[in-house]
Amino acid sequence: MAAPAFTGVIPPVLTPFTADYTVDEATLAKQAERMIEAGVDGLFVLGSSAEVVFLTRAQRRVVIDTVVKAARGRVPVIAGVIDTTTPRVAEHVADAVELGASGLVATAPFYVRTHPNEILTHFRMIHDMAPQLPLYAYQIPVSVHVTLSEGLLLQLAEEGVISGVKDSSGIDGAARSLIEARNARGLTDFKVLTGSETTVDLNYFFGADGVVPGLGNVDPAGYVRLARAAAAGDFLAARAEQERLNKLFRIVFVGDGARMGGSSAGLGAFKAALVHLGVFADGRMAPPHTPLNNDELAQIHAIVDEAKIDR
Amino acid sequence: MAAPAFTGVIPPVLTPFTADYTVDEATLAKQAERMIEAGVDGLFVLGSSAEVVFLTRAQRRVVIDTVVKAARGRVPVIAGVIDTTTPRVAEHVADAVELGASGLVATAPFYVRTHPNEILTHFRMIHDMAPQLPLYAYQIPVSVHVTLSEGLLLQLAEEGVISGVKDSSGIDGAARSLIEARNARGLTDFKVLTGSETTVDLNYFFGADGVVPGLGNVDPAGYVRLARAAAAGDFLAARAEQERLNKLFRIVFVGDGARMGGSSAGLGAFKAALVHLGVFADGRMAPPHTPLNNDELAQIHAIVDEAKIDR
Amino acid sequence: MAAPAFTGVIPPVLTPFTADYTVDEATLAKQAERMIEAGVDGLFVLGSSAEVVFLTRAQRRVVIDTVVKAARGRVPVIAGVIDTTTPRVAEHVADAVELGASGLVATAPFYVRTHPNEILTHFRMIHDMAPQLPLYAYQIPVSVHVTLSEGLLLQLAEEGVISGVKDSSGIDGAARSLIEARNARGLTDFKVLTGSETTVDLNYFFGADGVVPGLGNVDPAGYVRLARAAAAGDFLAARAEQERLNKLFRIVFVGDGARMGGSSAGLGAFKAALVHLGVFADGRMAPPHTPLNNDELAQIHAIVDEAKIDR
Amino acid sequence: MAAPAFTGVIPPVLTPFTADYTVDEATLAKQAERMIEAGVDGLFVLGSSAEVVFLTRAQRRVVIDTVVKAARGRVPVIAGVIDTTTPRVAEHVADAVELGASGLVATAPFYVRTHPNEILTHFRMIHDMAPQLPLYAYQIPVSVHVTLSEGLLLQLAEEGVISGVKDSSGIDGAARSLIEARNARGLTDFKVLTGSETTVDLNYFFGADGVVPGLGNVDPAGYVRLARAAAAGDFLAARAEQERLNKLFRIVFVGDGARMGGSSAGLGAFKAALVHLGVFADGRMAPPHTPLNNDELAQIHAIVDEAKIDR
């Protein structure tokens, strides 16, 4: 049996840095507190939005430790254990267990070319490392260049290896198909969370169990309102909230693609918004990210101001 | 100024494991010794063939330490510092410097989407971490899903950031074009090594400075003979040696693609050959690799026997 | 100014063949009639589902002519003018105009590597060939290996070159973003149709103007009911209809991927369903498609029977 | 049995246009004559370099007819029959046979997702359309987004379906591996031609049977000298010629990638060189290609002048 999965609004917590690129623990705790007060159902640390692949093992430990302590058991803290292959993931699993994480999120192996059989082995071994914790498969083809098929996910669900999936593929139809297939097989303990922050209302509408929105760092209360409206069956209210959030989401398109990559534009915008809101002291991203320039920051500030976000 | 680069036959040393997946130091030292005795010009540890992305930081340190000690200064030991982003690479650079590596090999960032500007920053920062060591850029699009353009490589060469490139793109025409452009700009201190083990004769023929052949683990003497023939201008002898090696290379195609990925088939074959030759005690690969079955092993042994390899 | 676009349920009409692979005109007319009677708002001929890239120019002309005549002006007939580059598309545009099509659908160039500037030129030239007909851009990266960016689409909309887009990317968030951006710029004459047949309810929910569902060949009345429910604001009814259709959509996953490609499995299933429903006389696809076997056909028939489709 | 294949230097003939984008027959004939006089072994019309996917069926017929007549039987004329799928290829095969082509070149299907079984069917059906003509498989993954595996090619060779392959993958190691496997199976009637114009010396060195160099339009005599040197076993002379040609090849990198795609830069450069040499009257490419600007043309002219090409 797989451990029960967490559901609801579980934002992927950004990792703030000080001027010398150490993890800014005080700000991280403050941001965790802010999101808990906004009503989120859990916190996902060390995801892609956390710049996890830019963090050393020691830094990753600091992040888990800080957020687990900040959460004080009020909400579960789910830890990304994202690394190239099983042996390296194993270290992160051990850290997450030691430091009190309540769940794990792992991707398929990357950098290496793997067969689906090897991906199955990978998840089975991770589950065996910490069978007491729910394990989520992280569907993120843009980063790992592999798509976990519906059949593979359901096989792992049936085996009790994974308790859920965090779907960042952007293909809502695939998430819906997975939910329909899960329901048809009676695997309703297997939970589907979407990472598509601009279609959360839709995902709730077709039966998703929760959301992991990067933009939830900037406006956690918005996503909580959206989720509550959806839970109450008021999808028109959910949609209105989503449309407001989608205007805010435009901040990720401000950074100039001729000068920077998508990670710099997206995470840079989230961090800049949090500085503008007075939550973060510093918006810097780990190297080799490209910083936003003043003109871009001004555009982001204007969009944030318009969104009238609860602080 | 970039540090002077090493050239010649520099095999990427495989990492042998014991039954519990610790690094088999004795076997690793033995294999290093065997390759040095065969006449190689350097040893490249912690490359893709070394299962580097399957190794923990502690294991990587063991590998560098073991091979540096085994080499006893007879040949340079060049260390892969392969990881997702600059801060994590920094740890490996520190380890490599501390443990006495003579050069570094780094890829573009992976998992994240990066702009060429960010790749430039990445290499510049790595160079600044250890300016005394030659830094090679590792061209391996199949793993990092990015191709380093000729312009980007030459810019880094002109800046003194990189001393060379290890080209595992498989596109010999691109390596040749790079060499021609390098020569035209007078950047002949910038060295081009090929990782294409079946076209080494060709690479020498058009001016490459060396080779990093995975198959050199199995038959180092063959690659040394090939390189010496090429250096002497006897390309027909080089070609004959290459053709013999290419028959041996067929071992990587034995593993069944319906059951395993390319890494399992390729590295599994190299390790199986070394077990068959009595060099390795155990052919296992790190999880989640799929092991070769007995039928596949028998086919590999037959090909190895036919190649009449010096032990 | 762009010509006004058609909206609503506009199924991509399959192309039935006789035993010698000529277009079965009688069956095609019958299927058009069946869809019009079911209440569709238009018919899209010569799309991907029509096996357009398997049809000769003469066959394409037969298809347009047959459906235009069958439609008798009751609904508009929109013709795909899908080919590799502008000069070849020009022939199809001339044919479509001559034969009475009411709108055009074109992809980006394919086979060749094109710059966005060249894609802009391509659409501008197509528009100039028949400015009186609304031109839809066909977003189908799986076939043309290029994604038309939001910026490019809106630029063409602002220029009056395209009247709408048919989005078969599968990324509903991108379609929604496009609609939001369109609305923000006041470009509401630019229409967004989705080709994602399993998320039509969602697309209507976030403001899409219509749907081009391949499955609409099998169950046109279902999509009409869905669209009408959505138009009436009854999204729960729309969802219920969608969920029923999604069970039916499972027919496309029956064909064995170890033996056939996705086109054979998908179009083969649609055609097999239509044979089973008594609409098509023959389910064959153009070569080199792989036919479904008897076991697969039986599974498809069972799914179709369960869906209780209006004939 | 497959029909015997043609080998040697077989340039892919560019298609010149007049100002209104009709095929400039006189110039095409002149260019064919120039290449025959230079000593080429065959002419390949309607390849990618010929802008084949920009040409209507009528234009393609004009091209074959013009070159067959210009060749007057002195060298074979091999025709590309490049189109999306089998039925459309069939029309081009019929045209090629009618107009006197001596061989055919076909790619895998494109635009559609095909299974290897379907690719096998595709080539078998093409062969059956004209079994008297040698059929070459065209390996061009950059355009068709599929790679024909060594196993698939050898199976088609063993069946007598294909007589050879034209390899434009850029991966010389794969071409060499194919030749080695062919030789091991005794399939030496199956011929391997390379389309990699900057590594022709290497391809001859490892046993390729010929070359289809786009740059051969600009400097056919250079490729003929190269091939003759290789045939005589004088690989140093072949290399010297190749290196001279590679300097000339730099013309394809002049066009600015920020403004145009690779096809515009490459074919534009070839055509501009031919205008500069007085062979072509007009360098225009079919729409939606982007023309080179005056500054780019000047750079190309300078490179051409330096190459001292026989006219």
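In order of appearance the chains are A, B, C and D, and numbering begins at 1 in each one.
We adopt the following convention: contacts are C-beta pairs under 8 Å (C-beta built on N, C-alpha and C of every residue); 3 or more make two chains touch, one makes a residue touch a chain.
This one's a predicted model, so the numbers in the text were calculated from it and none came from an experiment.
Interface comparison, B-D versus A-B: the higher count of C-beta contacts falls to A-B. The most distant chain from chain D, with centres taken as the mean of CA atoms, is A. Per-chain Cα centroids separate chain B from chain C by 49 Å. Separation between the centroids of chain A and chain B, computed from CA atoms only, is 35 Å.
Chain contacts: chain B has no residue touching two or more partner chains.
Chain contacts in this assembly form a single closed ring in which each chain touches exactly two others. Of all the residues in chain C, the ones that touch chain D in their complex are 21, 48, 53-57, 59, 82, 84-88, 91, 109-115, 117-119, 121-122, 125, 142-145, 257, 259-264, 286-290. Those residues of chain D whose C-beta lies close enough to touch chain B in the complex are 170-174, 176-177, 180, 196, 198-199, 201-202, 205-206, 235, 239, 243, 246-247.
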